[in-house]
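To start, the structure itself, in structure tokens.
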Amino acid sequence: MNEEIGFIGLGKMGQPMVMNLLKAGFTVKVYNRTPDKAKDVVAAGAQQVYRPSDVVKTGGIVITMVANDEALESVVHGDDGFGEKLGPGGIHLSMSTVSPETSRKLAAYHYQHGSHYVASPVFGRPEAAVAQKLFVLSSGPSEAKERVKPVQEALGQRVFDIGEDPSSANVIKLGGNFMIMAAMEAMAESFNLAEKNGIDRNLAAKVYASTLFNCTVYQGYGQMIAKKVFEPAGFQLALGLKDCNLVLEEANATKTPMPLASLLHDRLLSSVAKGRENQDWSALTMIASEEAGLE
Amino acid sequence: MNEEIGFIGLGKMGQPMVMNLLKAGFTVKVYNRTPDKAKDVVAAGAQQVYRPSDVVKTGGIVITMVANDEALESVVHGDDGFGEKLGPGGIHLSMSTVSPETSRKLAAYHYQHGSHYVASPVFGRPEAAVAQKLFVLSSGPSEAKERVKPVQEALGQRVFDIGEDPSSANVIKLGGNFMIMAAMEAMAESFNLAEKNGIDRNLAAKVYASTLFNCTVYQGYGQMIAKKVFEPAGFQLALGLKDCNLVLEEANATKTPMPLASLLHDRLLSSVAKGRENQDWSALTMIASEEAGLE
Amino acid sequence: MNEEIGFIGLGKMGQPMVMNLLKAGFTVKVYNRTPDKAKDVVAAGAQQVYRPSDVVKTGGIVITMVANDEALESVVHGDDGFGEKLGPGGIHLSMSTVSPETSRKLAAYHYQHGSHYVASPVFGRPEAAVAQKLFVLSSGPSEAKERVKPVQEALGQRVFDIGEDPSSANVIKLGGNFMIMAAMEAMAESFNLAEKNGIDRNLAAKVYASTLFNCTVYQGYGQMIAKKVFEPAGFQLALGLKDCNLVLEEANATKTPMPLASLLHDRLLSSVAKGRENQDWSALTMIASEEAGLE
Amino acid sequence: MNEEIGFIGLGKMGQPMVMNLLKAGFTVKVYNRTPDKAKDVVAAGAQQVYRPSDVVKTGGIVITMVANDEALESVVHGDDGFGEKLGPGGIHLSMSTVSPETSRKLAAYHYQHGSHYVASPVFGRPEAAVAQKLFVLSSGPSEAKERVKPVQEALGQRVFDIGEDPSSANVIKLGGNFMIMAAMEAMAESFNLAEKNGIDRNLAAKVYASTLFNCTVYQGYGQMIAKKVFEPAGFQLALGLKDCNLVLEEANATKTPMPLASLLHDRLLSSVAKGRENQDWSALTMIASEEAGLE
């Protein structure tokens, strides 16, 4: 496991991921637009570079974990982007949450340059990244997936192979975020019905999360929705709306009616119209409360 | 624990529940409209009677576990009903899934006769009943809840106190069934999006049930929805529609808009219009598939 | 046209209808729960009686124009109800907006007593009643419809025969009210989109009502929705919710999914949760405005 | 009225519009990608040219009436496009149904070249164009609108000034198309409820179109929806979906939740998934029929 890894993007997710790579014995070169953020990982043994293209040698592996599609395209194609450098045999392991369309385009781009693209978004929050408990999705050419697997395994508890199509892992990631939002709306409506019947919302949340729905999504968000406390934002509502729009675009492109996604979209859009874009995405549930005349 | 218990309703849930009561040392008198069904529990030590009113002495405890609101009202008020017999100090432990309204009416009725009503629906299927793994909800007067608690504990893995209002446990039960159906629709739309993108539905189901949603509802129903196999019916779609209608009636009565419940209602109603009332309630997801032009 | 008519219900609709019957040469006996309201029609020649059963002789015609299903059942079946009196050959011309189910029950009741029931709700507001411009729906046995036709023609500009089934006219009436509410929501969303793009709502309303939608519903309600002025109430929102619930019950009974009706139901229910039950039913459009962060 | 007009786009709408311009005394130069289509208007006095840039002299007026946003951009910016030629004082009178965004971009483009852009979509089908009965919307700079008004008046029965913002007329046009589709869905659900109650759909359509909704949209589409005959297509369903997507994009951009538009979108998308993209857009109502198990 002496492979050298380039790593771009040292946010709340990226930093603990680099730590786990170092712990697993990888040599890691890191780049971040704001250089400050590299301090801790450098102290732990990472090597800092100041241009995206410097994280990798031709034929190497680059992990990207950046904020959005635009940021991703810029570290590949922008001035000092690593795209051309990566070259024959190189692998771009793309772990950010981006659109299937962006993955398709980048996969085609790398293919033209002799390198490979593996889409590899994750399920899990920063705490899970620290604890090496992420779930890692993986789609792309088989050989490339094989080569990066040890890297992925150093980052999470389990890797899921989603097939050859580069966009598939992104579709699964978006579908998961949609299902989380659907669970939030379901909880909100159910808790409101309880409250309107004189039952404590927190009790309702506890009962469901201890019985039928004893899994993290219901346990964590259930408490926030019961208490109507949506700050600090673990994941901003504006990003939830962005993901929901990506879901609906993909649904449109593939002719897949998703009325529940449409409902969630309208909740999120209303939340933004009311100025809640910086709250946690679970704040989408306030629309249901307001419609019921609660608060 | 030498209390004598009357038990009415020996269906798929009732029979294993009686078994567990016997195992816990209770004396149990049983009644079922079709007497045949008592065979196994009688062999295990229960005493069979042939009129609802014969299951209980004045001041005793009667458990009801019957098909619906009408059946429940008939064993209380009908010819040979146990309602008047139960009398001062008696407790009606009502474990069927019925409407909050029926609970309110029965609580008032028993109160007038000096007896108590404890609403106590459960989460769990027949297998859970056998394994004494039910989750038991409990709402009603405190003293009455206290007295029946050992009985409830003999039937499940945990008892949740939902307060004094007799209808509260029913509201929580209905809310849970609504949340299950919401999860089904969310899975269906997500799996369809995956399928339309060339991803195996079963893989999508597996990934979600192993990561974000590693709880029974998603694991069990996820497989059925991925495979589109809805028979045999664990819980009939017609009953799902009945429960959804109860949710919407309660929502209407308490002025709680529930657009996701409205969406599910229309899915269920369409399913019945297409002749699927006897399939498992997860068959409600076929509407999303058909709308997407799948199958 | 010397037929004697009994008329029950002297509200905003009933009074001008009696006036038109008198003008057409009919002899009219009137009953109203609050006797005061008969003053004007008595001055114009109607004969006032003080019990529902006194408005008619056996074999005659009784028109009912009362507030709701309960009021209707009470003037038929209640103390002094006209139900039994009407007898062989009599006709109950039922012009109130009631549920199809109530019409079915009353038709069966009258049939048992040898009399006939014609359901005959109308489209039109009090101004239209005054101007003899109502549209009159008519369903029931052919002979009975034939006999009451001159009466209906004295009340409106056109009579529509909706067939033999007594409930059919009520279904058409409810469907019409549903379509009005759908038009309101469509206008609201469209005007909001205009407003958010910096276009005057009133201009948008005027353009649509002068071009594609140059009919009364869009012209009248369009102005109210553009100006967001919902008082005084021409038709109370609480009654709109009642009608929408009747639509959904009928939809449920006949297995007809109506997702647009479900959407409207949730708008109306939210409006009531926010205390708007006494505003005009077009106030249902405020939910869309609030969701958009307008006002 | 001796102004010379350039006219681009000789489809079903464009041809009768040119005829009316000639009749009103204008000199008209016409261009169409397929030159054949000019035959009739040339016979009536129009002058045919073979490049978009040849329809106009600097400072003149060009009307565009083409299929979609791409076609519009190409006749302006493409090889031989008229964009640069139009020059100082020229006016582009853009009458196609395009997105507000395209209007904003073209307005900015013309402004940079000293010319003006007036967005001027119309309500009305080919028959209305022939009869000079179109309704013409008009938004853009006041002076430019003033100069083209005689031209617009030669084409329709009435011109509506929608203000200075170039995109406003397009927003109003899209809002109108949305309202038409909402009316279609409302009719479908209402007719289905009637049919399920044993009432003839055609009778229901006739009653509504003769009473509450006596305007063209309900009269024309009402018959198609009642009879379920959606061919030949007056306006293709695929174009309806395109417009609905434009509505939702504009709603997204301006933070205007439109749940009824979301519902319609899912109907249209399902229709396309089922292969109905070439039927008339009123075929979107088949989804409601299928959900009800009709046909």
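Each chain carries a letter (A, B, C and D) given by its place in the written order, and its residues are counted from 1.
The criterion applied here is as follows: contacts are C-beta pairs under 8 Å (C-beta built on N, C-alpha and C of every residue); 3 or more make two chains touch, one makes a residue touch a chain.
Just so you know, these numbers come straight off a predicted model, no measurement behind them.
Could the interface between the copies subunit C and subunit D be described as same, meaning over half of its residue numbers are common to both, or is it different?
Because over half of the interface numbers appear in both copies, subunit D and subunit C meet with the same residues.
Tell me, please, which chain's centre (mean of its C-alpha atoms) is farthest from the centre of subunit B?
Farthest chain from subunit B, going by C-alpha centroids: D.
What is the distance in Å between the mean C-alpha positions of subunit B and subunit D?
Taking the average C-alpha coordinate of subunit B and of subunit D, the gap between them is 55 Å.
Could you work out how far the Cα centre of subunit C sits from that of subunit D, in whole Å?
About 38 Å separates the centre of subunit C from that of subunit D.
Measuring centre to centre with CA averages, how many angstrom lie between subunit B and subunit C?
Each chain's C-alpha centroid was found; their separation is 41 Å.
Taking each residue of subunit C in turn, which ones touch at least two of the other chains?
251, 255-259, 263, 266, 270, 273, 291-293
If you look only at subunit B, which of its residues touch subunit D in the complex?
Against subunit D, the touching part of subunit B is residues 259, 266, 270, 273-275, 287, 290-293.
Report the residues of subunit C in contact with subunit D in the complex, numbered from low to high.
Touch list, subunit C to subunit D: 100, 123, 135, 137, 158, 160, 162-163, 165, 167-168, 171-172, 174-176, 178-180, 182-183, 185-187, 189-194, 196-200, 203-204, 206-208, 210-218, 247, 250-251, 254-261, 263, 288, 291-293.
What part of subunit A is in contact with subunit D in the complex they form?
245, 251-252, 255-259, 262-263, 265-267, 269-270, 272-273
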